[in-house]
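Chains here go by letter, A, B, C, D and E, matching the order in which they are written, and residues are numbered from 1 within each.
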Amino acid sequence: MTTDEKTTLSTLPDEQRTPLLKRLTGANTLWIGLVLLVLVATFGAIRPDAIFQVTTLQFLLAETAVLLVLSVGMTFVIITSGIDLSVGSVLVFASVSSAMAMNAVSGGDATNAGWGVIAFGLLVAVVSGAVWGLLNGLLISRAKIPPLIVTLGSFGAAQGAALLLNNGSNVSGIPDKLNRTFGSGTYLGIPNIVIVAAVVTALGALLLSTTRFGRYTYAVGSNEEAARRVGISVRGHLTKVYLLAGTLAGLAGFMGNAFFRVAVVTGHETDNLNAIAAVVLGGTSIFGGMGSVLGTVFGVFIPAVLEKGLVIIGVKEFWQPIAVAIVLVAAVWLDQTRRRARNQR
Amino acid sequence: MTTDEKTTLSTLPDEQRTPLLKRLTGANTLWIGLVLLVLVATFGAIRPDAIFQVTTLQFLLAETAVLLVLSVGMTFVIITSGIDLSVGSVLVFASVSSAMAMNAVSGGDATNAGWGVIAFGLLVAVVSGAVWGLLNGLLISRAKIPPLIVTLGSFGAAQGAALLLNNGSNVSGIPDKLNRTFGSGTYLGIPNIVIVAAVVTALGALLLSTTRFGRYTYAVGSNEEAARRVGISVRGHLTKVYLLAGTLAGLAGFMGNAFFRVAVVTGHETDNLNAIAAVVLGGTSIFGGMGSVLGTVFGVFIPAVLEKGLVIIGVKEFWQPIAVAIVLVAAVWLDQTRRRARNQR
Amino acid sequence: MSQPLLEARDLTKNYGTVEALRGASFTAYPGEVVSLIGDNGAGKSTLVKCLSGVEQPTSGTLFFDGEPLVLDSPNSARDLGIETVFQDLAVAPDLDPAANMFLGREILKPGVLGLLGVLDKKAMRRQAAEHFTRFGATLQSIDVPIAALSGGQRQSVAVARSVAWASKLVFMDEPTAALGVVQRERVLEVIKRVRDEGIAVVLISHNMPEVLSVSDRVEVLRLGRRVARFKASDTSVEELVGAMTGALTQEDAA
Amino acid sequence: MSQPLLEARDLTKNYGTVEALRGASFTAYPGEVVSLIGDNGAGKSTLVKCLSGVEQPTSGTLFFDGEPLVLDSPNSARDLGIETVFQDLAVAPDLDPAANMFLGREILKPGVLGLLGVLDKKAMRRQAAEHFTRFGATLQSIDVPIAALSGGQRQSVAVARSVAWASKLVFMDEPTAALGVVQRERVLEVIKRVRDEGIAVVLISHNMPEVLSVSDRVEVLRLGRRVARFKASDTSVEELVGAMTGALTQEDAA
Amino acid sequence: QIGDSNSGNSAANKKLVLIPGITAEPFYISMQCGFEEAAKAAGYEFDTQAPAKFDAAQQTPIVTGILASKPAAVLIAPTDDKAMAGPMKQLKDAGIKVVEVDTKLQDTSIGVSSISSNNEQGGKLAAETLNKLAAGKSGSVLVLNTKAGTSTTDARAKGFEDAIKAYPNLKYIGQQYTDNEPATAASKVTATLAANPDLIGVFATNLNTGEGAATGLRNAGKTGTVNLVGFDASPKQVQDLQAGTVQALIAQDPGTIGKQGVEQALAAIDGKENKRNIETDLVAITKDNASANSKYFYKQSC
């Protein structure tokens, strides 16, 4: 779809292959990336002093890191033509259980705990996320229950479980060390939490686009029956994909603890829709089989930039959701129209 | 799929056709209906005094009426393989604009207004719902933007617009007459609001299963390209389906006003997921092409009965979402397994 | 010959960088069976899609009964009396065969119910059954969704549908590819009968004996261009294969 | 004859109330081409699905190399060296031809990258191109998703795939239905070559001359039951058609 | 640390920003009215930016966004007493004066002043009021709460729970969460009525739960029989009180909170001394004392 020359298979020289860079930044995400640029430029033109500040960028990135990690997992899920509504609740569960675990091993209050306790907390967060992901995956792939129902179920169940854990209260006592280094520390001006999110995203992008795991993800979403018939273990693969999404939600919960210094039991109810919107905005089809992590990155940042920009330029609050809605729809419209034009030229 | 005899087309006598009743209550919704019965029986066994009260049933029905109306529209949308995330916000918008319109024509307070004002309020609610539905439909069918994005956009926009209308406050001044008759009145013991919801549901079921409109709905969801090629105006039909969903959301907003005696500007954020869950629980595929309104009715009542029953039998608060999740997943699992067994027998 | 019923001149169709048609022309006269043949990927299906309003050609002109024509949707083709059996069949897999047969042409109940759009399912099922029988298609159950039919059964439904509604022209893109011996004979018979009713039939097929036996004329497409035209009675399998593979070209065909 | 490679006895398969197979038997010997023929809806594709692990028969027994066998997934068939071209092709429409060709058999990069599961896309593309050429399939661009290919091109990919991986037995469910004249010849040649390598080929086709020209034996299915078996050299088109339509039955065939 | 490159110079502009805990709540709208009036009077520009949910993750980007536009002072109702400390500290470090309104952080070093009414006290007041309304009759009482983990409403519920124990005739049967949906509130009330026919009192911890509870009781024909105590005093709630749908309201004084917030902010900007903690009034309004307490009624719009 992106080559410029016509070739017959039999005479195809390897050199005519589209170069990696072109494929990565490929035309499928070009337009949505441009929308992001235009947004930044527009806000920048209105309030250059406030927008083009290092700190504004730092905050924007740091505040978006958690959603980005969730959305990377969601990209895989949606490419398999599935959906995961549970990510927000799983995040909350992981965050609460990790905070409680850290407190428990520090005798009730982990505020002054060291790296050992922190590592243990990370482990607990990731494992509890993984367990929910595995549960989702098994119910979807083995019991063949539609992903929407399974993850809507675990959405409620994980939230209920998180509330049960600490009887409905937020958990404090997050190690100061964790917050100072990982939560609000920076490296060369880049918040550490953003570095983690960027590494996760890059690994996710590579996993999806260069490995067998990624290839199977596309295949399962494109035609599950075909994948099964060629001998791909569709069940196993789906389980792994939901496991991945759950694990990343667990990691995101830990990141949230580090950033906020508290495990919050409320909130995150709309994380699922936000992540799904980011993925779809990034050009991934809800019907599976195609999509990219790079697109998701743009899809995460467009609403984030928009919301921040609207606050900065002082748009009246009730107008903000309306403005976001208009830009969302317009961005996808532009993207779709350009793609169609390219294919029909 | 549901006939008992093997027939060759050429020799098919009309009498061998599956009877209407069998098709309506057909095997596809049988199991999920049974789940509902089992639920009622279980709760009834635990607290017969509280469950088998006329009033308990009345309340249950009345409180579920609004969601039922939303879900009927959602059934059509999902059968076209679309999705409508905006129904809750559209409901709020319609409810606010209708209440404000009634107040406006009654000189600021419609509490003592008569039938004329009430009829006007109904009109405003339905029309404002229809306008949002039309907007959704046009963006989806003409501009070819994925339904998820369009309706996520109007989800935000309708909410923002509702907040703008009355500066973020609930609107009071709902006519007493409206509340007394329609909101809390009964006819032969059945709440009037339930009668309206039942009529809407019955009409929806007939529209879907017996008319050309319903047939096109299935066709578009089953294979949009095929529908287009046989000359069905897919764009027009999709527009109508979202228009229908919007209109019903508008009606639901009016019902809410009558029931609560106030137009609430917050809340209804999870109506979309609740309606989608009801539709999917009722056996409609999220990928379109099949489903039924009867299934949706069961899908609406299973969680409703469950939530009410859990409160009545006194299950501890945080366990409730977990119990709901388990029953949801188990119900669909049972349904799927039975269907597969039937097909493979 | 008389005036062409449908004529296409110099159609091109690009999909991104792929050129599916590169200046293809095509002519169909009323009351004839014209076969459109060509190698895999020659552009036959793309041409049919352009001529039935499903795709818009990138450039080129169409004439119908001598008048210039723009086919901007399948509906415009349908209104002209053109029906098509697509190679991918384009059926609604979740609907049953009768529903597919009558899709877009539903029979409504008489009277008020009909005005309300209520379907007469019984009548449709009965009529569909009659049609299918004509094509030798036997189904074990008529209530199953079309996705559960065998490949040949599905194709019979699509062919029956197109023949039932066409009044001027039928495109048939490999209508017999999945059919059994009996069903294939029936379809070829029906093609001839339809032709005798004055309707033009455009047949696409890779089966050369079949092409020669049923058609009046043959047009050959190669690499998105018309490269040869034959009278069926004057040609042979060898000549057709030569034209398709490029071993033989007619100067004046394009 | 030698011991059968694959034998099925009295398979039944019900879909709800539809009986697709009603006690079908089937035998394939190593190194032979056996054609499986029958009317539309006779149950050929269903039988192939049961024999390649895609569907589980409702009842009946299978033997492979004389041993009883349960095929509970396509994977078990694959592990036995069985490959299949399905009638509906079963490709992943969003993946390109090379990716489809190597699906489930990906080539990994050498060294550490390979251990991490990194694909060697270049190698796969090159090898796929070679395979396609063998079948005379020419694609304008190899980068397009398979959904954008013509019907024949898609079929060539599916056939190339099955032949590349089979080591014991290939099922081909109407592999030539959408192919052009040239491509069809190539596939028939390949079938013969594969047979000569000792691999059994099961061919399903509605084209009787093709069946007679390429196969060693023919088995006939009718209404879900085997009704006749022939040596290809001893039979004729008329006899085969008679068996398919029920005009002729062999007592001992079931 | 994030934000380190932020220059600490105080902004020279004359702008005040209010960040409520959630958008579209009469309580915060009334606070906004007091805030705007006072800011206008002082010749300051003003802006209000609220999160869509009472949620730290949604309030944080707003705080840091406001940070970029550098107003002179920010009045904020932190949605979490810990999680909001980080972002609010950024405000302080950038030289922006921070005044806590309605809720406050555990960390008292960030805000220059905290103006709030004690929510736990409000719950206690509700319990007392309910006891008075019950007038010695005995029966079950229910708390309808919004969402688990919402600091303000949880404090109200806790205050109620602690205080209700003092009245042996009132049997506390626990709280039910409603997700802030009136429909859920209505359903939980009718369900509770079915299970506990002796229900005599309901405490609804905020506006939406109150609306739902009123609907549920009305449908059950229990309006007035079951005493409903609501929280806050929006015009609709006052109307319901007068109509007898609701028997009592626990009202705060948001307008005054907003006004005093501006006063404290201005004091801090001008380098004057701040009052660190200001507690505003809480009153229980019943039909009988309504007219006397009309100054506590909330405003719909300014």
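Simple rule for what comes next: a residue touches a chain if its C-beta (ideal position, glycine included) is under 8 Å from a C-beta of that chain, and two chains touch if they have at least 3 such contacts.
Since the structure is predicted, the reported quantities are computational estimates derived from the model, not experimental observations.
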item	value
Comparison of A-E and A-D (more C-beta pairs in contact)	A-E
Remotest chain, chain D as reference, centres from CA atoms	E
Chain A and chain E, separation of their C-alpha mean positions in angstrom	33
Inter-centroid spacing, chain E versus chain D (mean Cα positions, whole Å)	71
Chain centre separation (chain B, chain C; CA means) in Å	42
Centre-to-centre distance between chain D and chain C (centres being mean Cα positions), rounded to whole Å	28
In chain D, residues with contacts to at least two other chains	15-19, 137-141, 144, 148
Multi-chain contact sites of chain E, meaning residues that touch two or more partners	23-24, 148
Per-residue overlap in chain A, given as positions that touch at least 2 other chains	1-3, 6, 163, 168, 269-270, 318, 321
Interfacial residue positions of chain A with respect to chain E in the complex	47, 50-51, 53-56, 58-60, 62-63, 66, 163, 168-170, 172, 179-180, 183-186, 189, 191, 256, 259-262, 264-270, 304, 307-309, 311-314, 317-318, 321
Chain A-touching residues of chain E, taken from the complex the two chains share	1-6, 23-24, 47-50, 52-58, 60-62, 64-70, 80, 82-83, 85-86, 90, 106, 147-151, 154
Residues of chain B touching chain C in the complex	1-3, 6-10, 12, 14, 17-18, 210-213, 215, 218-219, 221-223, 225-233, 289-290
Residues on chain C engaged by chain B in the complex (per definition of touch)	52, 54, 73-75, 78, 84, 86, 90-95, 97, 99, 103-106, 108, 116-119, 122, 125-126, 128-129, 132-133, 137-145, 148
Interfacial residue positions of chain E with respect to chain B in the complex	23-26, 29, 148, 174-177, 179-184, 186-188, 190-195, 207-208, 211-212, 214-216, 218-220, 234-236, 239, 300-301
